[in-house]
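Data first, discussion second: the structure below is written as C-alpha cells.
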Amino acid sequence: MHEQRDFDRFLHAVDVDGAIAETSHQRQLVLSRRGLLAGALAGPGALLLGGSEARAASGLSANDVGILNYALVLEYLQASFYTEAERSGALSGKTAQAAQVVGATERAHVKAFQKLLGAKAVKRPLFDFQGVTEAQQAFLKTAVAFEDLAVAAYKGQAPKLQSNAVLAAAVGIHSVEARHAAWVRELFGVTPAVNAFDKPATKQSINHIVASTHFIVAHPKMKARSRPQYTG
Amino acid sequence: MTLLRLAAALAVVIAISLLWAGLGDSHRQKAEPSAAAYESLPTAPAPALRVGRPERLSSSRFSSRWTTVRRPTLARSRPSASASVVAELSTRAPEGTPNALSVIATRADAQGRVWVEVRLPVLPNGMRGWVPRHSLGAYQTLDTRLVVDRSALRATLYRDGKPIFAAPVGVGTSYWPTPAGRFIVRSELTRYASPFYGPVAFGTSARSAVLTDWPDGGFVGIHGTNEPELIPGRVSHGCVRMRNSDIVRLAELMPVGTPILIR
Amino acid sequence: MAPSAAETRTTDARSRLQLIVAGGVGLTAASPILRALLGTGAADAASKSEDLRILQLVLLLEYTQVALYERALNEASLTGELRDFAQIALGHERQHLAAVKQALGSKAGPKPRFEFGLKTKSADAFRETAIKLEDIAVAGYNGQATNLTKPTLAVAAEIVSVEARHAAWVRAIADEVAAPDPVDKPMTASEVAAGLREIGLRTS
C-alpha cells in the first residue's frame, strides 16, 4: 500500500533507537544507532505552517506567533490522535488509561494555545489517521513516534523564542511531552529514555515528517452546484 | 584538524582565565556558590500560556461519525477479505460530491488490519457492510441528527439531543413512498436554478424502492419547493420537501454528514 | 574503534558547553572569542557569568543524581525494571555530570558529600526519592531557562527532557500516573538547592 510505505518511512525517520522497528516485549538497553531524522529535508509540508502568520497578537512578535502556531499544529495532531483512539474503543488496560490522561492534557494544551493566539491561531486541520487509532499496537507505535517528535520540535524552537514569557511556557510543556514519550515507550515495551541528551529537530524536518504521514488531509468538498436528480 | 583543536583548547583556556579575571571577586572560585548567589538569579516570568485543567472526553451519546470513500472498494458481509461482497462503493456520489458514508463500527483483525462497518447507499435500504480502513478518508464527528416523521409530516433537527429546528414537510405519496430507515445527508446543492427543488437540495443515501429506474438510481433528497401550499402533505415522489424559508434555515444548521432517521 | 552515535553526541554536547562558557563558537582564531568576551555589553557579560552560576548549581544537581543512583544500586537491593532504570539513568547522569564539569573546567566545585540515610536502603524508598529528585531536576532546569544564554539553553534543553523521561519512567514502574500534570512548574534556584539538601546533599 502506498500510504503504508509513507507511514513506515515516517516511523523510520523518527525511530531514534530502532525501538519502533524492533518491537520488544522485554526491557532492553537500546543504544541509538542513527540520528533522529534520517537525512531527508524537503519543502515544508503543504498544509503546515511554513512561514508565519506575521502580524503580532496581543504583544507577541511575528516570530513567536509563527513558532506558537507551529507548536499548535503538533498539539492539534496529538489531541486529535488521542481523542480518536479513545473514542475508537480499540484500547484496553493501561494503554487505554494513558490515552485518556495524555489526550486530556493535549486537549488542554490546544485550548491554551488557541486562547493565547486568538484570531491568529491556525485552524484545526482534518486528520485521517488511517487506522492507527483503531488498533492497540499501531496506536502505541504511533504514539511513541508522535511524542518523540513533539519533544524534538519544542526543543528545536525554544532557543528561537523572543519572549521570555512564551519561553517559560514552552519549557513547561516540553518536559511534559518528554514524560508522555517515556510513558508510551514503556507501554510499547521499549526503553523510555535512550540517550543522555535528546536531540532537537528543525521546523523543516518536522514539517517534512508530518507531511510524509499524509495524516493531514483537505476537508472534502460536500457542496456543489449540480442539478438535483432526486426523485422529487 | 589537531592544530585547530590545539588552538581551540588554548583559546578556551585563555578565554576562561579572562572571563574569570574580568568579572572580579564575586566570582572567585568557591567550594559551592553561596545562597546569595542563588537568590540573585531572576525568577522565571509568568508563562504566556496558561494551561487549564485537563478534561476527560464528554459522553458521545448523541455523536455520530461519517467519512468519505477514498478509493473504490467492495463492501463485505463480514470484516474479512474472504467474506461475500455486498456492494461496490465508488468515490463519488451521483451528484459528483465525495461519497459520504455513516460509520457504524470499526474492528481490528488478528493481524491488526482495521475494518469499518458502514451504511450502504444501496437497495434494500438499511444494508450495512464492512470495508478496509484504507479505502476510507478522515473520520468526522457530528452531534446533529435529523428525524423525519412521516405520520406527523414533520422534520426535526437535533443537536446534542436537543431539538433546534422543526418544520412541516411534504413526503412521498403511497405510490412513491419516502422510505423508512437510517440514512445520511451526503451533499448540499445550491445555485442550480431549478425552482422545483427550491434554493437548496440535500442529497441523501435513501433510495426509492419503487423508482429504481430513475436517473442516478432514484435517490431521495431533502429540498425546497415551488408548491409550498402542498406542505404538509403526502405529495412527492419520495423526496422530503420543505418550504423554501425552512430549507434555507435548515442549511444554516445542518452540516453534510448528519445522520437521518426517517420513520 | 569509531565512537558510537551516542558517544559522538555526548562529545558534541560537552564540547559545545565548553565553547559556550568560553564565549566563543568557532574553532579558529582566539580573537573572536576575546571579542565576544570583552567587546559586548554588560548585559551579555552578565548572562555568561549567570550561565556559570547556574551551571554550578546544575553541577550539584547532577552530582546528587549520580550519587543517589550509585548508592542505591549498591545498597537498595534493586531488581527487575527498577534496577534497569537505575542503571540506565546512572549512565545518563554520569554523562550530564561530565559535560557540566568539563564546561566549568577549573571553576567546577569539588564533589560534595551525601547523606541519603534510608533513602538508598530499600527499593520503595529509592523509588520515591528518584521521583522527587528527577522532578527537582526538571523544575530546576525549567526555572533557569529564561536566565540562560541561548546556546546554553539549547544544551540544557537536551538534558531536561531526559530527566523528564526518567521521572515518568520511574512513576510508571511505581504504577503511578506517569505524567499527572499538563504543565511542569519551575523551581527557583533556591528551591532546587533546598530540595537537594533535603534529599541528602551536604556541601559543608
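Labels A, B and C are assigned to the chains in the order they are written; within every chain, residues are numbered from 1.
We adopt the following convention: contacts are C-beta pairs under 8 Å (C-beta built on N, C-alpha and C of every residue); 3 or more make two chains touch, one makes a residue touch a chain.
Quick caveat: nothing in here was measured; it's all calculated off a predicted structure.
Among all chains, which one's averaged Cα position is nearest the averaged Cα position of every protein chain shown?
A
Suppose chain centres are the mean of their C-alpha atoms. Which chain sits farthest from subunit B?
Looking at centroid distances, C is the chain farthest away.
How big is the gap, in whole Å, between where the Cα atoms of subunit B centre and where those of subunit C centre?
Inter-chain centre distance comes to 46 Å.
Can you check how far apart subunit A and subunit C are, centre to centre, with Cα atoms defining each centre and the answer in Å?
27
Just how far, in Å, is the C-alpha centre of subunit B from the one of subunit A?
The mean C-alpha positions of subunit A and subunit B differ by 20 Å.
Using the touch definition from the top, which residues of subunit C touch two or more other chains?
142, 145-146, 182-183, 186
Send over the residues of subunit B in touch with two or more other chains.
Only 44-45, 47, 51-54 qualify.
Hey, what residues on subunit A touch two or more of the other chains?
Within subunit A, the residues that touch at least two other chains are 101, 104-105, 108-109, 164, 168-169, 172-173.
Sort out for me which residues of subunit C touch subunit A in the complex.
4-6, 9-10, 13, 81, 84, 88-89, 91-93, 95-96, 138, 141-142, 145-146, 150-151, 153-155, 157-169, 172, 177-186
Would you mind writing out the residues of subunit B in touch with subunit C in their complex?
4-5, 7-8, 10-12, 14-16, 18-20, 22-23, 27, 29-33, 35, 37-39, 41-45, 47, 51-54
Subunit B touches which residues of subunit A in the complex?
Per the touch definition, subunit A meets subunit B at residues 1, 3-4, 60, 83-84, 86-88, 90, 100-101, 103-105, 107-109, 111-113, 115-116, 126-131, 134-138, 163-166, 168-170, 172-173, 217, 220-232.
Under the stated contact criterion, what part of subunit B meets subunit A in this complex?
By the definition above, subunit B touches subunit A via 44-57, 60, 68, 70, 94-98, 100, 106, 108, 112-114, 133-134, 137-141, 172, 176, 186-192, 194, 196-197, 201, 203, 208, 211, 214-216, 218-221, 223, 236-239, 256-257.
Which part of subunit C faces subunit B closely enough to touch in the complex?
Touching subunit B: residues 18-19, 21-24, 27-30, 33-34, 37-38, 45, 48-50, 52-54, 56-57, 60, 105-107, 109-110, 112, 142-147, 182-183, 186, 188-190, 192-193, 203-204 of subunit C.
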